[in-house]
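Note that the chains take the letters A, B, C and D in the order they are written out, and that residue 1 is the start of every chain.
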């Protein structure tokens, strides 16, 4: 029943990791995530490039999403400075689907945002 | 005036059901939902597969959206563990439209996220 | 420089108007909105059909977005019961762009969600 | 590895800048943003037109996103009145990707929304 679904190039134009948090870590730590589904039968190898406002891009950082698995990667785990505007370009050797999420707990009660990333290729 | 609109394969790459809630249930219980519109004149039969980070996918779970109806299904009602990353693949025998929503009431005041799911086929 | 942009059929699968609010009305009243841009040089006439879980759809309700104007319509102004799941189908005689938003002030501090609607035709 | 990704015409149908804020400025000032990624090797020149409910559009306002850079522009910096419905049309001479975000701090704790803009051309 499973089939290969998705695209091989995705863009998340928004990027901003807050510097402060309220609540227990890691759940309530302010963070941004790219959620990736690889519904296919072969592992997907992703290359993530991070763009900034005032300097050359960093990366690509390489991550793998095994066949028939999902992985939710926190951008916090990459060397991205806090309170800094960035964007990300995700390239994969297999079709995947990417969704972007931020949990923002700078104030006492959390806020969330999410959108499917832009399928660019 | 009504016509058949939508697609037959959708992906929600984000998935995470919080373990705690504030406020009256069921409205304020932390939950994730897939909202499905079947604007057509025949019932749509959906198969929902849930993907995880570290084990094989579960399902497919079968649900029906009757002709000219909407149904908002809570992922909480499937056997998905709480505080666990997942993704979902929704396949339908008739065109439908799928939108994803989370209400997160872990802290005192709720947070919301929503996006149209990715139309994969 | 202006040109006709957008599509003529849009779907918002999520729909739910909370029954309570905190804060001054109308800004902080819990509401759902469809934001429509008509960037073209002729008025756009929209027909909005509302779908429910357990009964036939209502409408179509007719609204106009004048040429080179935006209109943000509150679903609260249609005869949609509160605390009820619904979906909406928006058909236009001219290309427009539709974005969906909810402001939810059931608890002390507001929550927001938004997504571009699904372009179905 | 970098390649030119994106589209040259984008629409954000939602637009509303709240008039009040809680928390330190500029981070917690209520604002709407368009986040733009130019992953290509040439600068992108953007023309932003703002549409209103009851008067002719303003602009186009011109901004540049340098090659291989991201820029997050606040709509607050344009002459858009507060507490007023608007929409925006973004035209670029090079492919870019646009994502829309609002941070709303009218009440004590912030709310967020985000969506990829609609790719209209």
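Convention: contacts are C-beta pairs under 8 Å (C-beta built on N, C-alpha and C of every residue); 3 or more make two chains touch, one makes a residue touch a chain.
Everything numeric here is computed off the predicted structure, so don't read it as measured data.
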Quiz item: What pair in A-B, A-C or B-D shares over half of its contact pairs, by residue number, with A-D?
Solution: A-B
Exercise. Superimpose the Cα trace of chain B on the Cα trace of chain C, which carries the same sequence, then give the rotation angle to the nearest 5°.
Key: 90
Quiz prompt | Gap in Å, rounded to a whole number, between the CA centres of chain D and chain C | solution = 21
Quiz item: For chain B and chain D, what's the span in angstrom between their mean Cα positions?
Solution: 29
Quiz item: Listing for chain A: what residues touch at least two other chains?
Solution: 108-109, 111-116
Quiz prompt | Parts of chain D lying in touch with chain A, wherever the complex brings them together | solution = 1-3, 5-6, 22-23, 27-28, 33, 35-37, 39, 68-72, 97-99, 101, 103, 105, 108-116, 119
Exercise. Would you mind writing out the residues of chain B in touch with chain D in their complex?
Key: 109, 111, 115
Quiz item: Taking the complex as given, what residues does chain A use to touch chain D?
Solution: 9, 11-16, 18, 47, 49, 51-54, 56-57, 60, 83, 85-87, 89, 91, 100, 102, 104, 106-109, 111-118, 120-121
